[in-house]
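In what follows, chain A forms one complex with chain B and a second complex with chain C.
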Partner chain A sequence: MAAAHPHHEGNPRDDMFEYAPAPESRSVVEIAPSYGLFIDGAFDAGKDTFKTVNPATEEVLTEVALAGPEDVDRAVAAARRASGPWSALPGSERAKYLFRIARIIQERSRELAVLESLDNGKPIRESRDVDLPLVAAHFFYYAGWADKLAYAGFGPEPRPLGVAAQVIPWNFPLLMLAWKIAPALATGNTVVLKPAETTPLSALFFADVCRQAELPAGVVNIVTGAGDTGRHLVEHPGVHKVAFTGSTEVGREIAGSVAGTAKRLTLELGGKAANIVFDDAPVDQAVEGIVNGIFFNQGHVCCAGSRLLIQESVYDEVLEALKRRMTTLRVGDPLDKNTDIGAINSAAQLARIRELSDVGAQEGAQRWSPPCELPDHGFWFAPTLFTGVTQAHRIAREEIFGPVLSVLTFRTPAEAVEKANNTPYGLSAGIWTEKGSRILAVADKLRAGVVWANTFNKFDPTSPFGGYKESGYGREGGRHGLEAYLA
Partner chain B sequence: MTATSLPTGDLRSALHGLPGVDKVGVEARASMLATRSIKTTAKAQAIDLAIRMVDLTTLEGADTPGKVRALSAKALRPDPADPSCPPVAAVCVYPSMVGVAAPVLAGSGVHLASVATAFPSGQAPLDVKLADTRDAVAAGADEIDMVISRGAFLSGRYDQVFEEITAVKEAAGAAHLKVILETGELGTYDNVRRASWLAMLAGADFIKTSTGKVPVAATLPVTLVMLEAVRDFRARTGRQVGVKPAGGIRTTKDAIKYLVLINETAGPDWLDPAWFRFGASSLLNDLLMQRTKLTTGHYSGPDYFTLD
Partner chain C sequence: MPETSAPARLSVRKTYKLFVGGAFPRSESGRTQLVDGDNVALASRKDARDAVGAARKVQPAWAGATAYNRGQVLYRVAEMLQGRRAEFVALGVPAAEVDAAVDRWVWYAGWADKIAQVHGGANPVAGPFFNLSAPEPTGVVAVIAPASFLGLVSVIAPAVVTGNTVVVVATTPQAAITLGEVLATSDVPGGVVNVLTGRPAEIAPWLASHDDVNALDLTGVDDPELAADLERAAAGSLKRVIRPTTTPLDFTGDPGLRPMTALLETKTVWHPKGF
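Let's turn to the complex of A and B:
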């Protein structure tokens, strides 16, 4: 019998189970050659345009209007006109629109997922299984609040603020739109939203969803453009509320420009989250959580677990398991259903990731990536980890916003907490241990808006999300998320 | 932890020193891997591999020599219409039926597995279990699928379980020993991991999920935990142990999910009938149906595939 069951030396079947390409069909989404601005319920062409590309191939997807100051004026004016009638609607009527939008998003989720992957570079598995279900869930969730605002704990008759100026990033284009628009509409505000320059398409398709849902004109306006468009929008005297998700640098500028006005402001900014693995952690699931924490969405996640803190007594074991797991990550075509890591969103972001990674190596940290073939065209970066990182390294302090993990160690729970909190940021953190009392004790001491225990990057519309310190202020999601839009 | 070097008296601390398994995490990982999309050439390879991994099983009170002969013939030529279709890995029967299957399978390379040790409950004295094992081997079985005493395991009598496995291993002689953990009765993934290590430490050649006789049989997350166990065990001891999910795997789609699980957990070394088996009966015909679909481009009705 033993002879019939030879122990294989080497891997005779290494090539046995190569997954054949399993591409999602691109034809489920039709991209027009150009897109205008969505103002007052209709698309109109702007004067100038810019191109948006597929970061996986550098192919130009379409041309999009670049909104100038007059365009922003028109959008804000439309939102102001719509504000009165929209806020006067009974909550139950506004809920109907939101429910309708949520259902249309579900119906069109395949189309929107493909579009999101094309424009952003994220794997279709994530846009299909994470982004789109969460987008619909956010609209469903806030639809439910629309007629219950008097019971939300913000007084018996909470009032909307008026017009919300919303500026969102490129990492989760449609999901960040949902986080912004769903609570604003549920509370009776109208919005002017500016999607990121490199990912404007899903917001423009969302405009079409609004038309399909017969949302009254002017309630949602979408202006596309770059930093200048965003600046015109947040500085516009006609808006009552500014909501921004993006870099701490831009957030600081916005806070400065809003200061001294009556505008309300929420900021959701950068992060450098600690993911803490204690020696009694469920190792295999912790490794999954580490991978999900930093390689989900190419690491383009503000709450990414980019600082891994491993207790020294299990350091070798965890690191070995992590490296082994990283060799199974599938990097490549975002539309392939088996891809785990897609393309970096833009050339500029790729340059930033490369720069900081080079700094990491120069400062003496050890760089490691699994063997990994990257496509010739497009923007790509192999999943990377740095060991031998200390608190003094730039890669342990600055947000890289890419698939780059810095690995540090600690000896005691107190040291773990100290190191985790030793950052200007405070958006999220993770704790891995089988000991319930330790979860509670450590979570209590971490200065981070979200603390995950034995999981990471888990989102739910019912759960508030937001930062401490330089990670911003205000909360999105849950009952708490209503507060930012109510007076 | 160096479990293998520990005397059995330390079994408890060895098994309880294994890292825990987070239920939510392991289930999420298994369901993520289940979304892998296996198409065209990869699918064709996967189907043939899955056929070669089937332990074609009948374990019914109603089994008769006629039924077992038919099953054995099918094991040799699963698709009489297509000579390129490989045979299955083994036939799996009750000890009383081993003598019937043996002459049919002799010299074919298809193994003959017998359940033993008071299958499926394991609730019999040790000498009965050993006699059961010896009889099956004497009748021609070259693989023994034994059950552990879940009662002993759940009450923390790890030494007893260990000693039973060692004794059965000895009684089985040259026959390959598969140890059935009956994971559906173990209750937690932590227990699945501990029972896996216990069986491997005691000398199991394979660890197997289930008898197929309790409501919850093989599941993806349970198999994932067992694949992690054999991977870690080999890394620590150098000895490779096989894995056999059994019960409830009925479709090609299911089988391919298991192959993906192997590929991305234990690794390609386990993508071989020597190291992975499916304990199944109706699975084979679905694999054959899908195989025919891939080669001919159309589906054939069930009448075109033989009854077991």
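Let's turn to the complex of A and C:
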């Protein structure tokens, strides 16, 4: 976070001590000129390729193979061949592979963090302090389950499903990979994973981690590509399980496509979380939580607190403190250790954020951003808030997936709950109040899979994560996360 | 004087209607079908909509009742079913199956205040936070019931014990509506269980695509094509779907937790610790 400094009316930046650049060195990561598909323990070139760019500079980072239907076939076949021996290993042996992977990730965390920031655009502080530690922790956590599955509460002899087809998004590329692969391998499944089109690199580096760990060939296969590759994978008749994290729209398609098959399905989809601030909330803490809730990872977070509900009696006070805090956010170079908000992940995502923000203004909400210089190249969007938002506005209903906060008000706790639940989504929610009984009563009534009270955007491998309603089904993390991979 | 014997008493028959919102209405369509000599109600699309409305209306209150209370109500269902045992036998349900159904209500009654402990708990997160996961009901569940009486009970009880409300499409009208009478006299709030008698292929698509239905249990669907169509329709609002089993239905064994957990959501609450 930016250091404390005196606040001033007008433009506080004028009187602010400027930060010297504090760039993380990108020399810790070596990106090859091209990458193939990781199938059956080896990289091989696909027929077609696509480029992946650094969203902060639009510089091409490398070329990556575009997996077609035959490539997906080969990957699924490799995973099927590996499935028998892998599931027959004693759990204690599978555990040791996962512990190895966890350790290698810890050892290579600086390299992987820089890589993630380069390919994704997220601030190095987040990839270094949040993503990578959680990635290693996930493998460490599920490693320990591999030889204890009979005690997990899913029957005395739980069995793996077979081959898991896993499709992950671009907002937390390596962390979403860990959420998918760690429980799948611990339970004895093999996987074919497709990373997002705009962030394929950390998954390909993870393939190298698997090689270093001497993971048997075919247990993990990585196919890169866009929507078509994902469709081939989830619709492949050779897979037994589909796990998808991404948009609700694609989630619906996948749910429809597995209908009538024996494939098991878990979906972690969109959200439009309410972050509710009651009149007795500690304002400074709440403001930190609001900022973390919506500006963490440029707002590219499915559980982002994108609808701020403030109790009317403290509206002015909270809004003023929030605006003051927003003026201190540093937007810019993701590799600078002082950066709070990095680059928007892609031109397409930037276009969507701009479009919905324009709609917000057209529909009558008042738009505000702090003074903020954006770099000339790359994809950038200033932290933005809208006041005067009603529940009917599109910016209060649709997931923007960017650093855009919609502010609404309420008078009573009952009204807050009603507004919070007035969405087809149900992934997360936030509550800010000093009153314990109110926290528990409101948490009970919120239809959301994760409720953060007096905190926000906290994650842990032991803590189940997943949505109600159209935010998807199934849980990732914790004992609950094993269920999706066990028969 | 000619000898006259007392005329045999004409018995009073039962009219089999629907069970919706705690009442027994006729189908709004006015339709009936002849089943084993009875003109039973043939539910329509609008009946399905009314049933979903009734199930939704009462769901928060049913979920908000204490687990102890829901357990008591389910045990009361077992008591009432025991008392009407002969009636079900007269309808052709084997006595042993009625007994098993009574026992199943008792079994699930006991789960009401235990499932949260078995399926939830504290999570030891790496930080100064209180973190607790607890199961909550999914909401309104549409059920295509299996034909057997034990099967019918075995799909309703695990859904409602945790606080869900259900709309059941039953193909065995007399037994299903008589079960409705058991429920109506068992302190089960009106609307918690709604029974539609009719044709699954006709009514189920409306339930599968209804945006106010949260989950779809296809256990009783024996046509794989219909099951696939219903699952596809359910994808529109991302309903949780319980698929029909590929093995022959057998409800006599230990049901396990899955019938309950498939209709539960896990909510995880975080709070910082500190002085």
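The rule we apply is simple: the second predicted complex is superposed on the first by the 471 of 487 C-alpha atoms of A that agree within 3 Å, B and C clash if a C-alpha of one lies under 4 Å from a C-alpha of the other, contacts with A are read in each partner's own complex, and residues count from 1 in each chain.
Just so we're on the same page, a contact is a pair of C-beta atoms (placed from the backbone, for glycine too) under 8 Å apart; a residue touches a chain by one contact, two chains touch by 3 or more.
None of these values were measured; they are calculated from a predicted model.
As a test of reading the superposition: which chain, chain B or chain C, is in touch with more residues of chain A?
C
Could you say whether A:Pro200 touches chain B, chain C, both of them, or neither, answering first, second, both or neither?
The answer is neither, since A:Pro200 touches no partner chain.
If you stack the two complexes on chain A, which partner ends up touching A:Asn338: first (chain B), second (chain C), both, or neither?
A:Asn338 sits against chain B, while chain C stays out of touch.
Touching A:Val451 in the superposition: chain B (first), chain C (second), both, neither?
Only chain C is touched by A:Val451; chain B is not.
What is the contact status of A:Asp284 with respect to chain B (first) and chain C (second): first, second, both, or neither?
Touch partner of A:Asp284: chain B, not chain C.
Would you sort A:Thr328 into first (chain B), second (chain C), both or neither based on which partner it touches?
The answer is first: A:Thr328 touches chain B but not chain C.
Would you check which partner chain A:Glu18 touches, where first means chain B only, second means chain C only, and both and neither mean what they say?
The answer is first: A:Glu18 touches chain B but not chain C.
For A:Gly188 in the superposed arrangement: first (chain B), second (chain C), both or neither?
A:Gly188 sits against neither chain B nor chain C.
Which parts of chain A are in contact with chain B and also with chain C?
Shared contact residues on chain A: 454-455.
Looking at the complex, which residues from chain A come into contact with chain C?
137, 153, 155, 248, 251-253, 255-256, 259-260, 262, 267, 269, 424, 439, 443, 446, 448-455, 458, 460, 462-466, 468-470, 472-473, 475, 478-480, 483
Which residues, counting only chain C, touch chain A once they are in their complex?
It is residues 118-119, 121, 123-127, 129, 131, 133, 138, 214, 224-225, 227-229, 231-232, 234-238, 240-241, 246, 256-257, 261, 265-272 of chain C that touch chain A.
Help me check something: in the complex, which residues belonging to chain A touch chain B?
1-2, 4-8, 11, 13-14, 16-22, 125, 129, 280-286, 288-289, 328, 337-338, 434, 454-455
In the complex, go through chain B and note every residue touching chain A.
19-22, 24-26, 28-29, 35-43, 45-46, 49, 109, 111, 142-143, 174-176, 205, 228, 240, 259-260, 263-264, 267-269, 271-272, 274-275
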